[in-house]
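Each structure below appears as structure tokens.
You will see subunit A twice below: alongside subunit B first, and alongside subunit C after that.
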Partner chain A sequence: MDMKSTVKRSKQKLMGDIKRHRAFYALLILPICYFIIFKYLPIWNGQIAFKDFMPLDGVLGSRWVGLANFTDFFQSFYFTELLRNTLFYSFMKLFVSVPLSIVLAVALYESARPRFSKLVQTMTYLPHFLSWVIVYGILLVLLAPGDGIVNDIIKFLGGKPIDFLTDTKAFPWIVILSDAWKEMGWGAIIFIAALMGIDSSLFEAASVEGASAIQRVWYITLPSIRPVIFMVVLLRLGTILDAGFNQMFMLYSIPVFSVADIIDTWVYRQGLLEFRFGLATAVGLFKGAIGMLLLVFANKLVRRISDTSII
Partner chain B sequence: MKAAVLKKIALILALALMAVPVFAAGQADKSGSTQAAGPVSIELWYGAAITEAGPPPQDWAVLQLIKEKLNIDLKLSALPSNESDQDVKINAAAAANALPDLFMVRRDPWLNLIRVGLVAPVDELYAMMPTRSSVQYDADSKVFTTINGKSYGLASPGSIAKNEGMLIRKDWLDKLGLKVPVTTDEYLAVMRAFTFNDPDGNGKADTYGYGAFIEINNFEEGLGRRMDPFMGAFGVAGTWNMTAANAGLNVRNPAYYDALAYVKQMMDEKIIDPNWLSYKKDDFRAAWKQGRFGIMREQNAAFGAESNYAPFDKNFPKGEWIVIDAPKGPKGHQSVGVYTQAFRIYAVSTKAAAAGKGPAIARLLEWMSSDEGYYLLGWGQKGVNYALDANGVPTPNGLPDPEQAWTKPAAQVFTQLRNMVYYNGQIELLSRYPTYTTAVSGKTMSALTIMRDMQKRPWTAAIGSDALPPPNADLKRFYEQGVLEFLTGKRELTKANWTAWVQDFDRLGGKEWESAGIAKAKESGYLK
Partner chain C sequence: MKRIRGMAVRLNPADRVFYGLVDFFLAVILVIVAVPLWSTITLSFRPNHFIGSNLEGMFLMPWQWSTAAYKALLGNTGFISAFSNSVKILVFGVASSLFLTIPLAYVLSIKTLPGRKYLNVFILIPYLFNIGLIPTYLVVTKLGLTNSLAAIFLPGAISTYNCLIMRGFFEGIPDELKESARIDGASELYVLLRIILPLSKPIIMTIGLYYGVTFWNDFFHAMLYLNVNHLQPLPILLRNILMASGMNEYVESSAFGEASIQAIKAASIFMSAIPMIAAYPFIQKYFTRGTLLGSVKG
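Here is the complex of A and B:
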């Protein structure tokens, strides 16, 4: 009886809340529809991963092949290299882009010149809106071995020109640094938002106590945004096998395949262009499973060493 | 209470599952939508003739004419200009069983569509379109589209064979007092001079001997067609050797090593534009117009058509390119590259055939090849977009509004389907490549004359090589990457290393690929 009335009360409370905040709940309708249509319903098609998908037979009618699509991927001649490249770029982007975004956010927050700070913030997040096609054009102008600006400088200083875009040693750095340049400003936004929430009296008290700017950053700013940093890193771990298809597809070329081919570009060639949708879906499932495992593991680890977690 | 909640959840799940086919399983089959009385609806995905121009307008008079005359409601969609994007669009539609009724498709994805049963045989359509079959679909065309005894596509003549050639800066040769190179050694000497002897006289070391970019397709694998003149000097141009005596993959021919060594020498001596591995097609074309290199392989119209030549003419009024023979190798081999009988495939989807749209499609295509359709789609409206000269050749001259000429941007949208009616006849060539005078230097130019010159040069016949089975994606990558790694120095180019690489290539499936290719070539009678 008590249980029933408690449930009834909470139900009434929920309905009351929904009625009272109906405008907010109305706003939720579109995102929920988005997730249902584009994220949940397609899960049904995940079974293609275990089938030899034939469009005429449909998802249900296609022949069941068990784990054949997965083994095709794992036994691919380039599997090890693909995994190595994918993990390398994902982790390097994580280790380079996130710290740079934090540094930029802190620098903007600490800046005593608001106008300059706003200008820098705008300039750093604008590249996010450039497509990789345009970024490739910019990189070609900067880095071409014959007449690129960077190579002109190298030659002027007496060095030998480097073909950055087709040299297997230079190419990974171009990928990592161009990604950092493009996304650093955008990535800083969330940290700037977190910085805005820090109690300013902490800084005032630290200043009174004689703390330097570096000390304020180290002892107040960074600890205050630590939960946000953990959250960003955790979310990135969930998509660790997404190393940036658009970027790689634009930048890579045959001479650098050995260091540039990632799981997604392989899936594009093997799955989409060769019409092997079962294989492409199997790889997608594999990526999702790895991402989820990493996320859960990292979340537990973070919860153990701090009070932060996303699940 | 608990049961009620479970019921609600079950209901929501059931509704969601019912909605799945709507959102996740592609389009419903509309095969039954064709009504006998109303016009037959035909959805056509075409390859645009001018990719930078837009599609024909919704109220295009031709659509109305087709509806009234043929009882066909034609719905047009242009395919992306990039071949990979085309493949993606078609494959994605195929996966959802939502292919259009009639669509252009490249051979490799087309083979996959046949495998999964999404394109229909078209054998019975040929007899329904006698005019079109006589100009568009000859015996070779039918062989090209015949798989296991059935023709699965309508293959029209594609780009004109042998329409590319070796070009050299004659003004640079003259300035440096050099002769036109003939042998591979002479080519090296001229390339060195173009790189190190300041042929443009600007006092800067900003020129190179040869310019290229990687342009690969299934019959020009490895270094691609822009480097084929050098591979041809060693008898290994193109992917395949299509002679009965030596049929097989050129990369497995020992002479391929010598050809690679030659190209590597060009790279080591830095007499090839070092940007060539990074260039895309547009970068390459911008580069020769900016005077970066003095020898190249280029297409006749990309070089000599008025709008394409204009920037070079403006930058270098005294500059002059001439067509020359490809280099002659140590054993006398000489070839600009390989040529095939290029075809453009239009396929009919199984869905359209099942809906009984075959006869309507044949009716439409037959009309396209009638006098009315040919000129309307090829040049637009007579008296508005074109006029006929004394020889009956369409000309943009003498129109009331010159801006409406089919060659002008405003009217290009009306000829977007012209590749569906052109068959490389004399009238088309004369109208497409008119003789003109360059704006700055006043030279008389004709892309047609240039093409005729290019076609006279030594080439290697490889008819049917574009119809041979492609390698799997991993083998393709191994091939392309390996060859380039020997050039860039990532792998040392020695006989031993090369032999080991070829053995790896075979282990990965190269030998089987070659055997499958030879078998197909024999079966189709391609080997000569």
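Here is the complex of A and C:
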């Protein structure tokens, strides 16, 4: 048999395959249209990062300016401050929320009172489903300088009331702790899932050998979720430039801008309040490119450590 | 002897301290989560004549509660309109999202599909490369979606993450089920609608909940795209109410009754949260299973 007929044969086979799957391709029509319009057109529009975008001239009609938008950003007074704040919040949330979620998951798993454990689990999931507008409202109830509960306690103890949301010292903690409050229960789910997979014969063996409860946690429970801990931390590192736009947008105000402004909030203000579309897109593009590299790299590492993968 | 995870275990004193500490830790966490929620709820029911701090107000008993704040909200046309806008966004959003996500996730799970690899790449590129806010804003405004509710749910109709979780679930369904139906001459659409979907209730409920939460809670897109009062959803109104320092246009003074502005604020927080709080215990049993299946394996 010569090459040509083999190629022809495999081509025919492919055509037959495609024909047999035509119903599936039909199912794809709408989702693909959606992707082209709402995911790929924006990528095409990303070219305005290299242009002096004028709404009247449109994306194609605007003048190319090379890397001017990028240099504007890198040389701007705000660049280091924005990067510093963004990384600060990302890392602090990682350091606070992830260990808290791990401890919570282990405690929920270890508790000898299953009903109580279930109740705590259900309650700690709940705040994840509340929006940041709602959490902002709850924070006002708790932290208001005049009649908030926290300041009532401070006054009761003889201290001076603090306006937490406009105080540059207190504000970062409010951001970090409110994020932990909202997300620790939800963050624990993945660890609980890993704990559920532990082979219970390990515990039986340990108890026969006379291991104490703490030894069991240290030598069985924690090591068996180690790959998942690595995975979660790596994925968080992959999105390190996302410091939580929705939260920050809701909580921050002009008095705390110096410690609150992150890349995303700045992009929003430059783009949609000051109409500097080119600059805002350039910063978005910069952030997107770094984010992609980190995520692909993190995924590679995750794949090496465990045989799971996120993408 | 004590039973732990179904096992009879003899506890020595150190273990007893350990289990005591575990439960103590969980109790502390429970208090930390519950107190902010509880204080908001009691504030919303606090009568105007209540004298005392918020701290004391937390111990206000249900038989002393006043519903004036809720009456004021429900009698307010602005609130009713915002609530119904939010419900519309929720219903149309979840429906269109599932309508687009289910077929995509299902086709992605067909291992024999020619071109499946390219399709995966096509889906993943925008997922990994987040281009940012402005380019999408230009598309939505160009399409003329400004000041229509579709601007809130259409641009985010498919979440790639949700789609991948769903694909993971579909991949776990044994092929034999589909094959036997195909041998009987069933069409692919029939297989999807009559065999796959009934088996996929947990994942559809879970993903539906995820989409629902996103749409119900959306503040940002509403702020970007909806500039007229009668289209504003609940989160926008809630933020306006929270920002208000006194009696204002958001609460008509005639309907204001004997509720304080603090109680009105707290009541609108609670009302905004109610659909999520009410829905989620029912769906919880699905999402623990659904999420676990998808998120670990992806």
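Some observations on this one:
By our rule, the second predicted complex is superposed on the first by the 241 of 311 C-alpha atoms of A that agree within 3 Å, B and C clash if a C-alpha of one lies under 4 Å from a C-alpha of the other, contacts with A are read in each partner's own complex, and residues count from 1 in each chain.
Methods note: a contact is a pair of C-beta atoms (placed from the backbone, for glycine too) under 8 Å apart; a residue touches a chain by one contact, two chains touch by 3 or more.
It should be emphasised that the depicted structure is a prediction, and the values quoted were computed from it without experimental measurement.
With both structures placed on the common chain, the touch criterion links A:L272 to subunit B and to subunit C.
In the superposition on chain A, contact of A:D147 is made with both subunit B and subunit C. Of the two partner chains, subunit C is the only one touched by A:E204; subunit B is not. In the superposed model, A:A193 makes contact with subunit C only, not with subunit B. When the two structures are aligned on the shared chain, A:F74 is found in touch with neither subunit B nor subunit C. When both complexes are overlaid on chain A, the residue A:F88 reaches neither subunit B nor subunit C.
By the touch criterion stated above, A:V296 is placed in contact with subunit C alone, subunit B being left untouched. In the superposition on chain A, A:K39 makes contact with subunit C only, not with subunit B.
Considering which of subunit B and subunit C touches more of subunit A, the answer is C.
In the superposition on chain A, contact is made by A:T281 with subunit C only, not with subunit B. Put simply, subunit A uses residues 37, 40-42, 44-45, 59, 140, 147, 272, 277 to touch subunit B in one complex and subunit C in the other. Here subunit A touches subunit C in the complex through residues 14, 17-18, 21, 23-25, 27-28, 30-32, 34-35, 37-46, 48, 59, 103-104, 107-108, 110-113, 116-117, 119-120, 122-127, 129-134, 136-142, 147-149, 152-153, 156, 181, 184-185, 189-190, 193-194, 196, 200, 203-204, 207, 212-214, 228, 245-246, 249-250, 264, 267-268, 271-272, 277, 280-281, 283-285, 287-289, 291-292, 295-296, 308-311, going by the rule given at the top. By the touch criterion given at the top, residues 2-5, 7, 9, 11-12, 14-15, 18-19, 22-23, 25-26, 29-30, 32-37, 39-40, 43, 53-55, 58, 99-101, 103-104, 106-107, 110, 112-115, 119, 122-139, 143, 154-155, 157-158, 164, 187-189, 192, 213, 216-220, 224, 235, 238-239, 242, 262, 265-266, 268-269, 272-273, 276-277, 280-281, 284, 288, 291-292, 295-298 of subunit C touch subunit A in their complex.
Here subunit A touches subunit B in the complex through residues 4, 7, 36-37, 40-42, 44-45, 53-56, 58-59, 76-78, 140, 144-147, 161, 163, 165-168, 253-255, 257-258, 261, 266, 269-270, 272-275, 277, going by the rule given at the top. The touching residues of subunit B, counted against subunit A in their complex, run 1, 16-17, 19-20, 23-26, 84, 87-88, 91-92, 94-97, 108-109, 112-113, 115-118, 206, 208, 214, 273-275, 277-278, 283, 292, 350, 472-474, 477-478, 480-481, 484-485, 488, 490, 508.
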